[in-house]
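Shared chain: subunit A. Partners: subunit B in the first complex, subunit C in the second.
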Partner chain A sequence: MNPAVEFVEVTKRFGPVTANEQVGFAAHPGEIHALVGENGAGKSTLMGILAGFVQPDSGIVRIDGVPAPVGSPRAMLGRGVGICAQHFHQVPTLTGYENIVLGTMAVGGRKQLGALMKRYGLDVPLDVPVERLSLGEQERIEILKLLYRDARILILDEPTAVLAASEVRSLFQILRRLAEEGRAILFVSHKLPEVMEIADRITVLRAGRVVTSRKKTEVTEDELVRLIVGGAPPPPARWSARVPGRPVLETRGLSLGRLAKFDVQVREGQIVGVGGVEGNGQQELTHALLGYRTPEAGTIQYLGQSVRPWKSHRFRQSIGVIPEDRQREGLVLGRSLVENGVLGRHERAPFTQGGILRWGRMREHAESIVDVYQVRPDAIGLPAVAFSGGNQQRFIAGRELTKKPPFLLAVHPTRGVDLKATQFLHGRLLEERTNGAAILLVSADLQELQTLADRVLILYRGQVAYSASREEIDPERMQRALLGLAGTSKEGTAKGGAPSNGPSSRGGGR
Partner chain B sequence: MIELALGMIAQVLRISVPYALAAIGGAFSERGGVINIALEGILLTGAFGAAAVTIATGNPWLGVIGGMLAGALLASIHGLVTIWGRADQILSGLALNLLALGATRGGLKILYDSASNSDRFEGVPALGRPDSALLSLLGQPLFLVAVAVTFGAHALLFRTRFGLALRAAGDGPRALDGTGLSVNLHRFGGVLLSGFFGGLAGTWLVMEQHSFTDGMSNGRGYIALAAMIVGKWRPLGAALACLLFGAAETLQIRVDSDVVPTQLLQALPYIVTLVVLAGWIGRAHPPLHLGEPYEREKGRS
Partner chain C sequence: MTAPRGRVGGGVDVAGRGAHSGIAGVLASGWVVGLAPAVLAIGGGLLLGGLLVSLLGVSPLEFYSVLAKGTVGSAFGWGQVLFRATPLVFTGLSVAFAFQARLFNIGAEGQMLLGGLVLAWVGAWTGLPGAPFGVLLALLAAAAMGGVWGAIPGLLKAKTGSHEVIVTILLNFVAFALVNYLLTRGLALPETVRTAEIQEGARLARLTEWVPVFRGAPVNAALFLACAAAVLLQLWLRLSPHGLSLQLLGEGPGAARYAGLSVGRLTVLAMTGAGALAGLGGASFVLGYKYYFEEGFTGGAGFLGIAVALLARNRPLWVVPSALFFGALSYGGFVVNRLVPRELLDVLQAVILLLFILFDQRLGRKRT
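So, the complex of A and B:
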């Protein structure tokens, strides 16, 4: 049988950067084929080539044994290729239904969609503009779109990055079924445990080249890590006990939208982690803290002073923020790292003197961030948009942490970031904690919360459904709280309950 | 008294028609993602085309077609330059407005040996000769065409596959590309339609006036863009906004203005537009990718 997809000596360069170099491997019908590699290894570019969005400089892509015309999404679609990209290819203002039928003859579309939804258990509202859906729902729409077009080769570029564990479960069930029907599935992911669970075959890319392509049964997770990073992996970040200092940030009864009466206290040298399925109040929390939206009720205390809405600008300048959306909130994509390096601090010494920018200082500053945080390529003159996600994140983290802020808000700091960068960032966060920073970490990744946090709070429908100090964490109960299965914690829904400096938190950090 | 009121209504409608047609044209261009301030020039070119063809052939219906084609010609230049040439859309529009002004002036000189106006001609003949102002407007074939265009355009944008794809070209071009449809062709289609509608608007002006005069678009293209924004990039909304602007203009003509300074009424369209843009009357969202040429490989992952 011919492979469903076969890459033959595919090469793609973006100016001086080689994204794919002589790439060759094959994916077969009925196979879930994982594509792994560090940020910037060239996975997205390769999948872009397969979907027709990226024109390779040379090489052949065979579909079912026949060379396909490259560089045309239309041609690839005609051959049965469908992509569910990292940033979904959706029209935000159109409804799910409209997005799905866009470009097709929508005769009897509804009935067919109804049948598909039932068959695969893909429940999702179809008549709401997709911009109002959660990321998980948007992803379901994308998958429905692929099925509606009867794609036989499905590309899923980091489909689990935005999903909670339970959603990942149901996605995997669907993927299994699709593979059993004889479709080929290309699955891009950074999460190796997931890859080891779902993949039949694994291809590793490093610096644009295929390092290996083999059956899952022929490789262990540890080997995989070595193949990805090209040597011994960096040691995982190590947490160590530390006595927290005085309170730095404290909220009381903070309410905004679905976030209800949220109490938290973060002390010097302490990391408090806030987890939960996306859309359970995390965004309201960060927006309220940053003053993007005015809380409906409650107070925020910072270093013993109340942060009033009209003072939130000053507050924001004095803290560090690793924002949720690095491309929109963290960087000015079109500008160089030199300028991005002083974002939010450009009007302060040493970058300004008498209202005049000091470019020399700004360049030195960007150089030092790139150096210490190992941003690649190390060219501070390039615009931020030219860097891969992991490198953008390193740069933002570098910029925020070199401020030495008393308080750091880190929102999904390692989302879509590769293993090496993740461990590096974890190490840096823990180091800041050791140096006495108070850190509020918002993350959907329970593993990350357990690695870093002194104390974990789980939000469900805007309320704290689980709260425990590091030593007391009961993974099962935490999972259940995530899903809103009641009666999970002795502290229960901490409605108006003890702020985290209650009795149990004193144990935290010891 | 009733006669006076009906006369007023007729005048409001008359004034509103060219605005509405042009505003609808603008909506088609911008829904696809292409800013079209060339509308002013399109109006002017359309008016000139309609006059020239009518005078040359003696057939006003051919003139209507000529006006629409002339508008479409200018629009297609805008489309080629901005969509495939990736030129700045505002600059292209400004340049084309200047070009239209110069070219029609030159045309006047060459065809009619005049610096200010063309020969006079009969417009599209009315159906019957009623004596009421309102009935006579309703008896004008072009007016009926304009009304049909307004509703037809709304249906085209919101009820057809082309309309869906056009909106996708402005709100999510990459998604459209991913479905195998061409972003650029759909955008060009939108710009071309704006040329037809804008040309028709110019045709209306010149048929009302029975001759072409230099610079007769007189800023209507810009007011139409304002109406398009007030109407939230929807054909029916834009037409309603034009009625509002038309009413203001009628008042300004009719009301002997010791009470309200005419300048204020003249500025009304722009004031309303600013109010809408500032979000005081419901938020108006421009198409999400308005003004950006589409490049397939640029959008990262």
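So, the complex of A and C:
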């Protein structure tokens, strides 16, 4: 049988940057084929080529044994290739149904969709604008779209990055089902335990080249790590006890939308972690702190003074922010690292003196970030868009941390970032903590919270459902709080973890 | 929604600012791709224009040779073209300036009109000092008037979020009405729609005084002011922190907000600057040609400024050649009038703009 997809000596360069070099491997029908590698190893480019978004410089892509016309998304769609990208291709104001049938003949679509949803257990509201759905639900819409178009080769780029553990399990069931029907699934991920669980075959990319492509049974997770980083993995970041200093940031009764009466205190040399499933008030918290929206109630104290970030931008300029969406909120993509490196600080000394921009200083500054934070390629003249996600994140972290801010807000700082960069960033955050920074870390990754935080708060429906200092953390209870199962009383835990039951059902059980 | 990386790169403009580290290839391709759509559009437009002319029974060769001879084929023609290009430089800069922050200033027409009236009003003031202070004072007043008129949509956008396109369009009407009102209430000479003549000290010299071959052509020293404004603006965008802020806000509004740039203040700055530039648009006509304000003197230069900025891709220095080109086309209408209807040149303008947009999109997408 012909492979469903076969890459033959595919090469792609972006200017001086080589994204893919003589890449060759095959994925077969009925196979879940994982593609792993560090940020910038060339995974996204390769999948872009397969989906027709990116035109390779040379090489052939065979689909079912026949060379496919590269560089045309339409042609690739026609050959049965569908992509569920890391950033969904959806129109936010349209409903799920409208997004799915967009660009197709919609006759009989609803009936067909109903059948598909039933068959694969893909439950998702179809008549709500997708901007109101959670990221997990948006992803289901995306997968439904692929199935509606009868894609036989499915590309899933970091599909679990935005999902809670229970959602990951149901996604994997769906993927198994799809593979059994003879579809080929290309699964791009940084999360190696998940890869080891779901994949049949694993291809490792490093620096644009294929390192190996073998069956899962022929490799262990530890080996995989070595293959990905090309040697021994870096040691994980080490947390060490430290006495916190004076309070830096404090909120009292902060309420905005979902977020209800949120109290937090972050002190010098302390990391406070805020966890929870996406959409439980985290965004409201960051928006209130950054002054995007005016809180309905509550106060914010910064270094002993009351601040109203929504009235003045001065507070925002004095703190460090690693934003959630690095491409839209962290960088001006069309501009070089020189401009991005001083973003927000370019109007002040030393980058402006006598009312004139000092381009030389700005360049030096970008160089030093690139050096210290190991951004690759180290070409500060390239626009930010030319860098891979992990390198963009390194650069943003570098920019914000070199400010030496008294307070740092880090939102999902390592989402979609590879192991090496994750551990690097963790190390830097801990170092800043040692230097006395107060850090508020918002993350959906419990592992990350436990690695870094002095104190963890779990948000559920806008309220703090669990709060514990580092020594007191009970992983079991934390996990349950995440799903809305944690009661203030300790009884009732025997009911067990049916994740769909919210607190309402608990209340009814009393 | 974020497009895949391969395509996002398509809109990227690397040339001239970020490429410091010897990436000559990227730099070069940026320039080539930057110019190509304009060259293709003008070439294609002239071809289509030739076709149109031949449909009207006129030989395209004759048409273009008359057009070329009448405009750039003689000193007098050049003088006319330069005169028509001068206000277009100001209004083109105005639109390009606001666009740095991705704001559309459709109000250059009204800003220029009000600025022109202020030029004439201050210029006719009997207490006006002699040259060059008289000129300077009049120019400052006009820029201030245009700036105020531009600041209104900027403030409204910053405070209430009302869209600057709608507000600037509406303010154009208000400006027309206001000018007519003021003219009828004593600013105009009796029985006319023009003001009194300005003082000697407020006048800009004709170029004929230095270059006699321009004899009879209205081109005047306002041209130098316009070119100086373009150069200064280009430098300002490169060297001023606020200039960079405007561009960063325009290209990455989300990132600019997260970085703590004051969006409201920058919005007001962009619109005020745009208004001030457009306010100077009347300098050539009022201070250098007629020496008075006349109703309808703008001749649509405010609106044509949008086209000028578009073809110049909103770069101040490119606004100058772009304005020259549109100036030549608009004077060309008079030149070819004996062969074909004057409006044909308006059609040609429109065709070239449409082609430019088409090629710009096409080439922009191919680039990765």
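For this structure, a couple of remarks:
To be clear about the criterion, the second predicted complex is superposed on the first by the 482 of 510 C-alpha atoms of A that agree within 3 Å, B and C clash if a C-alpha of one lies under 4 Å from a C-alpha of the other, contacts with A are read in each partner's own complex, and residues count from 1 in each chain.
One rule holds in what follows: a residue touches a chain if its C-beta (ideal position, glycine included) is under 8 Å from a C-beta of that chain, and two chains touch if they have at least 3 such contacts.
Computed from a predicted structure; not experimentally measured.
Annotation: superposed three-chain arrangement on subunit A; subunit B versus subunit C shows a clash.
Of the two partner chains placed by superposition, A:270 touches none, neither subunit B nor subunit C. By the touch criterion defined above, A:335 lies against subunit C but remains apart from subunit B after alignment on the C-alpha atoms of chain A.
In the superposed pair of complexes, A:103 makes contact with subunit B only, with no contact to subunit C. In the superposed model, A:280 makes contact with neither subunit B nor subunit C.
Contacts of A:93 after superposition: subunit B is touched, whereas subunit C is not reached.
In the superposition on chain A, A:203 makes contact with neither subunit B nor subunit C.
When both complexes are overlaid on chain A, the residue A:77 reaches subunit B alone and has no touch with subunit C. Set against each other, subunit B and subunit C differ in how many residues of subunit A they touch, and the higher count belongs to C.
Subunit A uses residues 44, 48, 51, 53-55, 85, 87-92, 385 to touch subunit B in one structure and subunit C in the other.
Within the complex formed with subunit A, the subunit B residues making contact are 161, 164-165, 167-168, 171-172, 174-181, 285, 288, 296-297, 299-301.
Taken together, the subunit C residues at the contact with subunit A in this complex read 1-9, 11-14, 17-23, 25-26, 238-245, 247-248, 251-252, 254-262, 368. The touching residues of subunit A, counted against subunit B in their complex, run 44, 48, 51, 53-55, 73-74, 77-78, 83, 85-94, 98-99, 102-106, 157, 385, 389. Here subunit A touches subunit C in the complex through residues 14-16, 44-45, 48, 51, 53-55, 85, 87-92, 290, 292, 313-314, 316-317, 321, 323, 325, 327-340, 343-348, 351-352, 355-357, 363, 379-383, 385-386, going by the rule given at the top.
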